[in-house]
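Below: a set of structures, written as structure tokens.
First subunit A sits with subunit B, and in the next complex the same chain sits with subunit C.
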Partner chain A sequence: MTAGGPPASAGATTPARPGRPAGRLTRLTLVILEQSRRLTGPVAGVAAAVVLVLILQGNGFASTLVEDALVYAIAAMALDFMAGYAGMVSLAQAGFLGVGAYAVAIAENHFLSPWAAVGIALAVVLGAGLALGIVAVRTKGVSFVIITLALGQVLYGLAFQWTGLSEGDNGITVASLPAIGSFDLSNPLTLRMTVLAVFAVTALLLVLFTRSPFGLSLRGIRSNEQRLAALGYRTSLHRYLAWVIAVFFAGVAGILYVFVQGLITPTTMAFSANGFLVVMVVLGGLGSIWGPAIGALVIVLFQQEASTYVTRWQTLMGLTLIAVVLFSPGGFWGLVRAAGRRRDALITRLRGGPAGENGPATTAGQASGAGQAGGPLALETAHPGTEPRQTP
Partner chain B sequence: MTAEPAAPQTKPADTPPALAADHLWRRFRGVTAVADVSLRIPLGARFGIIGPNGAGKTTLFNLLSGELRPSSGRVALFGQDITALRPYRRAALGLGRTFQITRVFGDLTVLENLTLALHGLNRSKLSLLRPWRRYPDAMAEAAELAASFGLAGRLGTRASELSHGEIRELEVLLALALKPRVLLLDEPAAGLSPAERVDILNLLRSLPAELTLIMIEHDIDLLRGAVDSAAVLHLGALVVEGTMREIQQDDRVRELYLGQAAPDPRPGGPGQEGAGT
Partner chain C sequence: MQEFIAQTLNGLTLAGVIFLVSSGFTLVFGIMRVTNLAHGAVYLLGGYIGYSVIQSTNNFFLGLAVAALAMGALGLGLERTLITWLRRSEMAELLATLGLIYVIDDVALAIWGGNPLTVNLPGFLGKSSTLPVSGIVYPNGRIFILGVSVVVAVALYYLLRRTRVGAIVRAGVDDREMVGALGVNVRLANTLVFTLGALLAGFAGVLGGTVLGLYTGGDSDMLLFALAVVIVGGLGSFEGAILGSLLIGLVVDYGTAYFAAFAYSVLFIPVIVVLLVKPQGLLGRQGV
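Entry: the complex of A and B
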């Protein structure tokens, strides 16, 4: 440790006796806690996968609900990639979900094979993202929110009024789903498992992206874009790429959406739908990728479950959102992070002193930084990518 | 004008100066912030820019680093005209800078701050699939940089939780991580304790000789230890340029620093549309 520096964490200030050997029980606790740092993530991931597979095996209400939630989760996680990391809150994400859905449906209705339709839809979404991104990325902060709102409304307007292509209010149905041999998406179980697989791949890819130098650069943009430019970063290019990635996965979600629902209507791209995706991200926790997946599940649950009992389910959802923002500004994932920090603080205390630079001391002090993060929504207090995780 | 003949060491004609400003002007809605400044900073120079508050020092820096475009005039880096280049392009050509109002990435740890800087001039900054912690070279270099300045134990600390002095140090390290050939330091010692000033001074002295250093500094004593020559800016224009000894003995500089009114040094050239103070 360097002389003169104050202790790195709050946990380090508790009285400690570094020289004295710890008791057997303390050492055992310490070992368990330290193992949990490494194992909690993978174990929770496997457990969640097993539960999801079991639910999706069934044909009941829960299965449909989870399937719908997973589709939205893909778009929400992708939105989080740009909103939570680069600070770009887009109100056009459901619009691009719609672009993917319409593109695949229209291509199929023009007698293309379902697989070709999927390829065309991906290309259309990518093209739309690349083109509209040139406009969107010119703005930052609130202006970006407004310009994406406008873009989202333009996409909605196209779906609503270009009746020759979109059938207007009636929407478009999809007759046949892609199949190869026994792998046939028109089998509901196969479709549900495919949705789960695409969700898992998307989540893992996005998490990987956030840990890359590129992901770090997005956090740098949110933190101080001008400084990053002085370090040689062409920041507009980085924001553009983040946008294209987010839009692309929204399109992927859209393709799955129309396969699951069998129908795409303009309502899917309405302003409220764009808003719900942002709510999923904020509720789940900005800058966490996994959080928005939970947020998607909660919102879909509200839409489908609560609406059967309460007419004003949106009021209920609004109250939930207020409660989360007030009591856990980092969203649901903020609670997970807080638990991790408490564990790390405990490890530091049991070790009897501040840990090395890679140790839990890193995260223990982060709670004090809550509330000063400067994301556009100013709700963000989680610190993406700083989960306790040691370099292998 | 005082600038041209006063260039401290005249290099052979075939070696372009590390950084050259050629008749730079910058006006903000009628207020002239930088007025006809020409400078030729030779390779490896340690050069200071002095002047009272509002003299246009930071504006001049912003023109040199590309944060601002000049109203007229040119900037050249090693003979290459960079006037039209944006900051990230200038950084890639070897022009680094720090900011007067310290700018580090507060949400990020010291290690993450340094890693960002280390990837800044590499194609790896666009890499998506390999975690940034799995770049052993960058990780080792970040640790080395941090150790060079007493931040070794702070790699895991969020930058917003550092002390003021440590943030200043990190700011300089971020600029150094790019291995610039020309480094612009905007008041690197502002707000530091005497002990921390010594730290900064030692770091600046330890920089490689071929690095060209240009710093804004209010503290003449600190500047005397860090630079050989300097220019004095007043109301946006160059008043004096020369060695530190010459600067300190110059009557006009004394007047400026003693607070007496100095004559308006700006030339009556075209484009000087009666700007006020």
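Entry: the complex of A and C
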């Protein structure tokens, strides 16, 4: 999948020399570059959609892989909404995915219809998110990570130890899937297309959220919460909302997960699973929504396929995460954005504009994301000196 | 009643192991603001290394020493490389240590396999004695762990309260910029504390391996305990780590013994209460 494409490749093959009068070749390059700026996003999106639909039509390995990846992508994108925009990195996201999955499975095993089970699962996840959010959102930054880690382990502990409800290590199977007339999720193709549709709706909703005033206020909270609070924003309410949204979509992913897998076990909620979701987000790119979807595909591919060839794939994954944090804090999407910025700079230069200045058309997303000095990893604690300090 | 006393002793033993792990975690956070998520993995790796040394040399104390020194060396190496490279952002450090967990766990899995292992105690420590007054028959090994953790706690207390290094560390916890501005070599203090924390974790791994066993996932269990301790006791507070360890150790043990289905959830009750009442922890300072 190459969503976003390589926007700079067109420019890379035709190096431009500054200070030269615009020849025909330069004008042509300029046209290509400007068109690519306009078209890369939509074209890549349509191409990705077509490729996904084509793969999911099949019945083989690739379609199973993409299906699993899409389920995780929903949870990962929602986590990114909270982590990348509001600076709240949660290590409980897989836990809430498990809550959704277990709620469906348990409700069905208590002889409820699949649709009722889905409704109950959504309500349970929402309730859990609302209740636990009261505790989690009281903390920020590193403390938030620690609290959510503990929360995630408690959810895992319930799934693992509360055997009367969860069947412990054996997990719970789901026998029947929701259906209305000819729309029947027990048909694998219908299920796969439904997963794709839910993924698409989630992605679009999250992108809409990030572009809304609410999303902007979250970014403000990430960079400087005090200032936003001083402006009269109820920052804790904003963070609470971001948390509830992220948890809700984790639950949605969980419901799809249990329908796709037919089984939910505590391993799905273990610490390493919570970590996997964070890895997906960081590898894909914090604060990009689309990046974590690619991260999910990569991690699921590793988990399911590379594990047969590369026995120590977790070592590889851990080292990759460390390398990304060290050398490319924006993750994969950060590279895409950097390529986009290089293209914009090239356009400016070819037009004969002042060198070194950002192109006027730099979009808001590019300017706010990887444009900052520290990148998306420079969360609220990048400036230790500006932390509130009330030591007597 | 006898069973309750035995459970309480078990809880105190667990508290001892948890203290050895969490004191290093909290001091590292206190002076460096580094959230080392790999601290639990260091604990488990130390336990595995100790296990192998003890298996091949049949010398428990040698295993204890080698594990502690090996993990101390690992800590020193990490502090001088990864942690130093990432000083610009707390979140970057945290994420890098998350990556480290996968690496350490995977390497441990490759070397020691997925089956649970137990570190065997030598001779006298492996036996049980009848305790005075109560008449409970209790394993000597657990009493040993309890004694060792008390000795370490006293030694650390002395180090922190009565020595120059300790004064620097305590001052660093309160205001590390100021300490640096006064011309103190904070860099060296960081390295010392990080190394000491890893050393204690490796040491605790061998002790914990005798009573809790060494198993895949044992690291995240211990990390959870250590995190609960620092939330309850207060991030960066040494006394908080003692208090928190006692509380968490007892709660986990009673929880496991009396509410098996909710052992982890019971653990969360003190955490929630403290967060709601005193978010900076029982003995934590504001702003830390």
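Couple of notes before you dig in:
As a working rule, the second predicted complex is superposed on the first by the 319 of 392 C-alpha atoms of A that agree within 3 Å, B and C clash if a C-alpha of one lies under 4 Å from a C-alpha of the other, contacts with A are read in each partner's own complex, and residues count from 1 in each chain.
Note that in this section a residue touches a chain if its C-beta (ideal position, glycine included) is under 8 Å from a C-beta of that chain, and two chains touch if they have at least 3 such contacts.
Being a predicted model, the structure only gives us computed values, none of them experimental.
Legend: residue contacts after superposition of the two complexes on their common chain; A:212 is shown touching subunit B, with no touch to subunit C.
In the superposition on chain A, contact of A:227 is made with subunit B only, not with subunit C.
Looking at the shared chain after the overlay, A:235 reaches subunit B, while subunit C stays out of its contact range.
In the superposition on chain A, contact of A:162 is made with subunit C only, not with subunit B.
In the superposition on chain A, contact of A:201 is made with neither subunit B nor subunit C. Within the superposed three-chain model, A:46 lies out of touch with both subunit B and subunit C [touch as defined at top]. In the superposition on chain A, the residues of subunit A contacting both subunit B and subunit C are 385, 391. Residues of subunit B touching subunit A in their complex: 65, 67, 86-88, 91-92, 96-97, 99, 103-109, 111-112, 115-117, 119-121, 124-133, 135, 139, 150-158, 160-161, 163, 166, 174-175, 177-178.
Residues of subunit A touching subunit B in their complex: 1-2, 4-6, 8, 208-209, 211-217, 219-220, 222-224, 226-235, 238, 241, 357-359, 361-362, 365-366, 368-369, 372-373, 383, 385-386, 391. Listed in rising order, the residues of subunit C touching subunit A in the complex are 33, 35, 37, 82, 85-86, 88-92, 94-96, 98-103, 105-107, 110, 174-175, 177, 217, 220, 223-224, 227-228, 230-231, 235, 260-265, 267-268, 271-272, 275-276, 279, 285-287.
Interface residues of subunit A facing subunit C in the complex, by the touch rule stated above, are 87, 89, 135, 138-139, 141-143, 145-147, 149-151, 153-154, 156-158, 160-164, 270-272, 275, 278-279, 282, 311-312, 314-315, 317-322, 325-326, 329, 374, 377-379, 381-382, 384-385, 387-391.
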